[in-house]
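As written, the chains take the letters A, B, C, D, E, F, G and H, and residue 1 is the first residue of each chain.
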């Protein structure tokens, strides 16, 4: 069993449908991760222990998602020297602006690497990018990943030009 | 020496010009208080200890001010059964909207009694109101306080009607 | 019959689905409450009488919810020495930002303890916290309540770690 | 002495530099007015009496300015059948957005005719427009007023075209 | 046939479901009105003619609703001495904030009496309030109207207190 | 086959349902166009080549739509002397405010002609307006187009006045 | 004397310090322009005449700046087939958000090419870009202009690398 | 000479007073860095070359600051596998909200680690945290750094408690 490198935590299990995207991308890159719930407000002591123990357990990057008054990423960042990546989860009453501001507006000394609202997939990718700094193989995988992003677009370009935009649009899945 | 009933804490000494208003109003009501700095992000362990010890020390209400990603009030509320009153301090880059949203949008289970941006005077008053629930004398002082608010306005009304608004306006201090 | 300690009022019966959460949490704590409609704009005289009579009736805390130009909490606070807890109810056209700003931005002298948008459950809890200042039994109940919050999270943590996040997510109720 | 037709009220004397513009424009139109302070939050009883007595005193239109949680215009509108014109006064911490939303987002049944932030001059003009509905002379004065607005612009157009924009700009007062 | 006193105009027929509320309340007060479409952007010449002719046709108040870059109320106000009441219609992409700002932020000299987003019913009521300034009968109708608002609330209060909030809530129509 | 004059590009095929409106209006004006996908973030090299080659291929105007951190219109504008029209596509988490600000707030030297959120039809029309500067025939078509806009409104006016607003409203398609 | 190709208009002479930047850039490109004041709200008839006559006078592009409820660009766009470039001028109470939304959120059929808040220099450049569509010389000037933008940056890069950032920063003009 | 590990780039030299904070913190940690200007909009080709060459030059982390339509961080992230840290620089007309949204709202596949508005010091720290993942010495320095943050606060706590808040406040530097 591989040693866990990235710890994905979230404030509530209701954040899981968003945050599981971080896990999925780490799997694509074959990076070992764990997924758990750490509530800053309902389990503050667990949060302190978790954050303080992470580096000692060999964790290298923490991805933390939370919504509303989203204190988890910033508090964890205050309790570890590990880089913390924050994901503002879209909230019901403020569409995630509250989550975004609570996570990104950290004071000097305690940074959180903030992603887009609901940007958990990018959080996973940013974790990979951090790990790839000293991991040539991972760096090459990122290179391939980015080339595949381009290829995917180019195949859509081809299809669009072949079919014409009207037919292409008809073939798109309805929201 | 009177036992401290209200603890006024703030995330940074730069919040003091705002937060000292809470202390001043408590003095007006002759309520014993303390003023100190507790940074959620720079002294998280002090914060945990402080919050967990407060009730045991006899503190009855906590007033907490913070700006930006203002996690202090919510985190303290997560660590004590005491009521926490939060003051969003006006931030340099977002005018305090970040502070307000970070403090007010708490999840179910962990409330923070949020005041207006820079509303430290009202935080002190809200603490008095809470203490006055079981303190008849304090309740009467509040009654007098509110009557004085009205009197102050009425004396301005009188002056304004006597002088006329133009003269009154000329006599006002320039901002 | 127990004496009413908390009065839950709202500007319109359309606020009831939100505001009833405050009542439910008070029931969990066995605190006597009343629920009624007091419209600042449609029944201003009833509001004045209600607010002025509340303390005399033995009410100790008022929880007031309103949406849009949400004047009820602030106006009641202007008419009583009791602490008033305000709940901004999510509005149809501004998602509750109008309600939040109307409730929280009170001028010096007249505080309202503002909760999150739709945060009625927390309003009830804040009322309990205020009453618990001089009520040891209630204070212990709060302690238990907070421990149960943690337990609930921890049992989810256990389940998540046992099932894995994918299976856990499949078992979650669809929104 | 002419009978007062327009009552200009404001929540605090600090609103006077803004609100006096309403008085000035009423003077230009020779409409009798009064200027006073009526605080919804610090003198709620005075507010109720004032609003309920206004129509009986012969007042025909009320202009009400307030800032922050600006409840005055809406509460007065709830207490009189007279039309109420609301002026959101620019606040220190939210630039007047709080004032605007608190005044304009009134529920069905209790309208407030809301002006721009700090738009007290327009509040005076709107009062004139209301009075002019059944006052031909006032209506003609409005016609002249609007023609003068145009003339003023046209004389600036002429000057600008004669001087060229560079010279014109140099002659403008510095902010 | 009664002479038209209030002209209800809107920028697009898609505004009709909102704006028809203004017509309905005028009918309740037995005030003669007309309803038509006047697009500032698609029929600017019709708008100019319409606005300039309104006073001559005996119209006393104009109610104008528009969404997005909502120029209709302000432009009509620039072309008539009649009071113009503006209704910001909720837009698809900005929830009506664009409509609100475009209508309310008028420059000195050209006021628009702005209502809440989608506040067409209040626009009709404000028109009635303006007409009632010199119409005792209408003024008495307003008085009755406001008393009925209160009665409606009071009957709900009674029902709520009789049924208890849980049963009352169950009886409410689902959204 | 006519030479392509307008190039319609978008950051993702998910923008197509919005952006196809630009193509449709160009067809109404018989202006030759192309539709393709150019992702600033996933195919940056294609974007550079595309933007740099456009003028040489005879393209005269570029219409670029994008959502979220919408960099495509601004980056293309940085790489060509051709006028670029930007369409902020409504995003899921910020309703398109992020798209709008990312497109419109360009620094001095590199303008993007920004349309309303989802305003692709207007982007097509603005392209026609630019081409019509030196194309009398196209200019006359625009004149007819604007007259037809007015006619359409006028026929609705007629129908509304004939049917009355209630019947008209009943005949409207439900949203 | 060269024939005027670009007409720069603004709602008030107070917009001149912003809008004169459009004139300056047109001078750099040797494009003939005029600068004048056209107030949508204070001179609506002049606006209609001006907009309807512009094309006939040989004007090819209109640049229109306005602040607050900024109706000028959209109304002019409704009255001419010429492309209209809108500049939201920063307002005192809403920082130009009102101006931006009023200008950019135009309905389908009547586009305004919107620039950044206070983006008058870019408005002039966009006018040049439009004129350059059929003007090879102007197109080459644009190419040179863009190369000079790059050169300017590159010379700063060189200076910065030579001096080091600390010395470079010391040499910068204070704000 | 040490090999450059962190490249600090900014869109304009006007961002230097903000961005130099990133350099200063890297110096505190003895991490080799470079500072230069790379404008996405004025030197797009330099940007492409710079971003594509960075990894090959041995750079491990890129810190990119920009304001307004801040495309630099996202575009660089699209052109390299290195982690990019984005700093939204406060803009003149939108206080940096435009910068923040343009940087943080990146689409899936291309993350930018976003800091607070003007949060350049934290950007430098986040770079250190990334480098410390595989650098024990740097990790220990971070540990010391965080302990010093706490010490600094604690010495202020001591001073505040010794002096009392009034004297402490008097001794604070005026803003």
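Going forward, a residue touches a chain if its C-beta (ideal position, glycine included) is under 8 Å from a C-beta of that chain, and two chains touch if they have at least 3 such contacts.
Note that the structure is a prediction, hence the values are computed from the model and not measured.
Separation of chain A from chain G in touch steps, taking the shortest path, is 2. Interface equivalence for A-C, evaluated over E-G, F-H or B-D, points to B-D, where over half of the contact pairs coincide by residue number. Averaged C-alpha coordinates give centres for chain B and chain H that are 33 Å from one another.
In terms of their C-alpha centroids, the spacing between chain C and chain H amounts to 41 Å.
The set of chain C residues touching two or more other chains comprises 12, 42, 45, 68-69, 93-95, 97, 104-107, 109-110, 116-117, 146, 149.
By the document's touch criterion, interfaces exist between A-B, A-C, A-F, A-H, B-C, B-D, B-H, C-D, C-E, D-E, D-G, E-F, E-G, F-G, F-H, G-H.
Put simply, chain B touches chain H in their complex at residues 12-14, 16-17, 20, 23, 35-37, 39, 42-43, 45-46, 68-69, 92-95. Every residue of chain F that touches chain E in the complex is listed here, in rising order: 90, 95-97, 116-118, 146, 149-150, 152-154, 156-157, 160-161, 165-166, 168-169, 172. Of all residues in chain G, only 21, 55, 60-61, 81-83, 85, 100, 104-111, 113-117, 119, 121-123, 125-126, 129-134, 139, 142-143, 145-146, 149 touch chain F in the complex they form.
Across the complex, chain B meets chain A through its residues 11-12, 40-42, 44-45, 48, 68-69, 71, 74-75, 77-79, 91, 93-94, 97-98, 101-107, 109-110.
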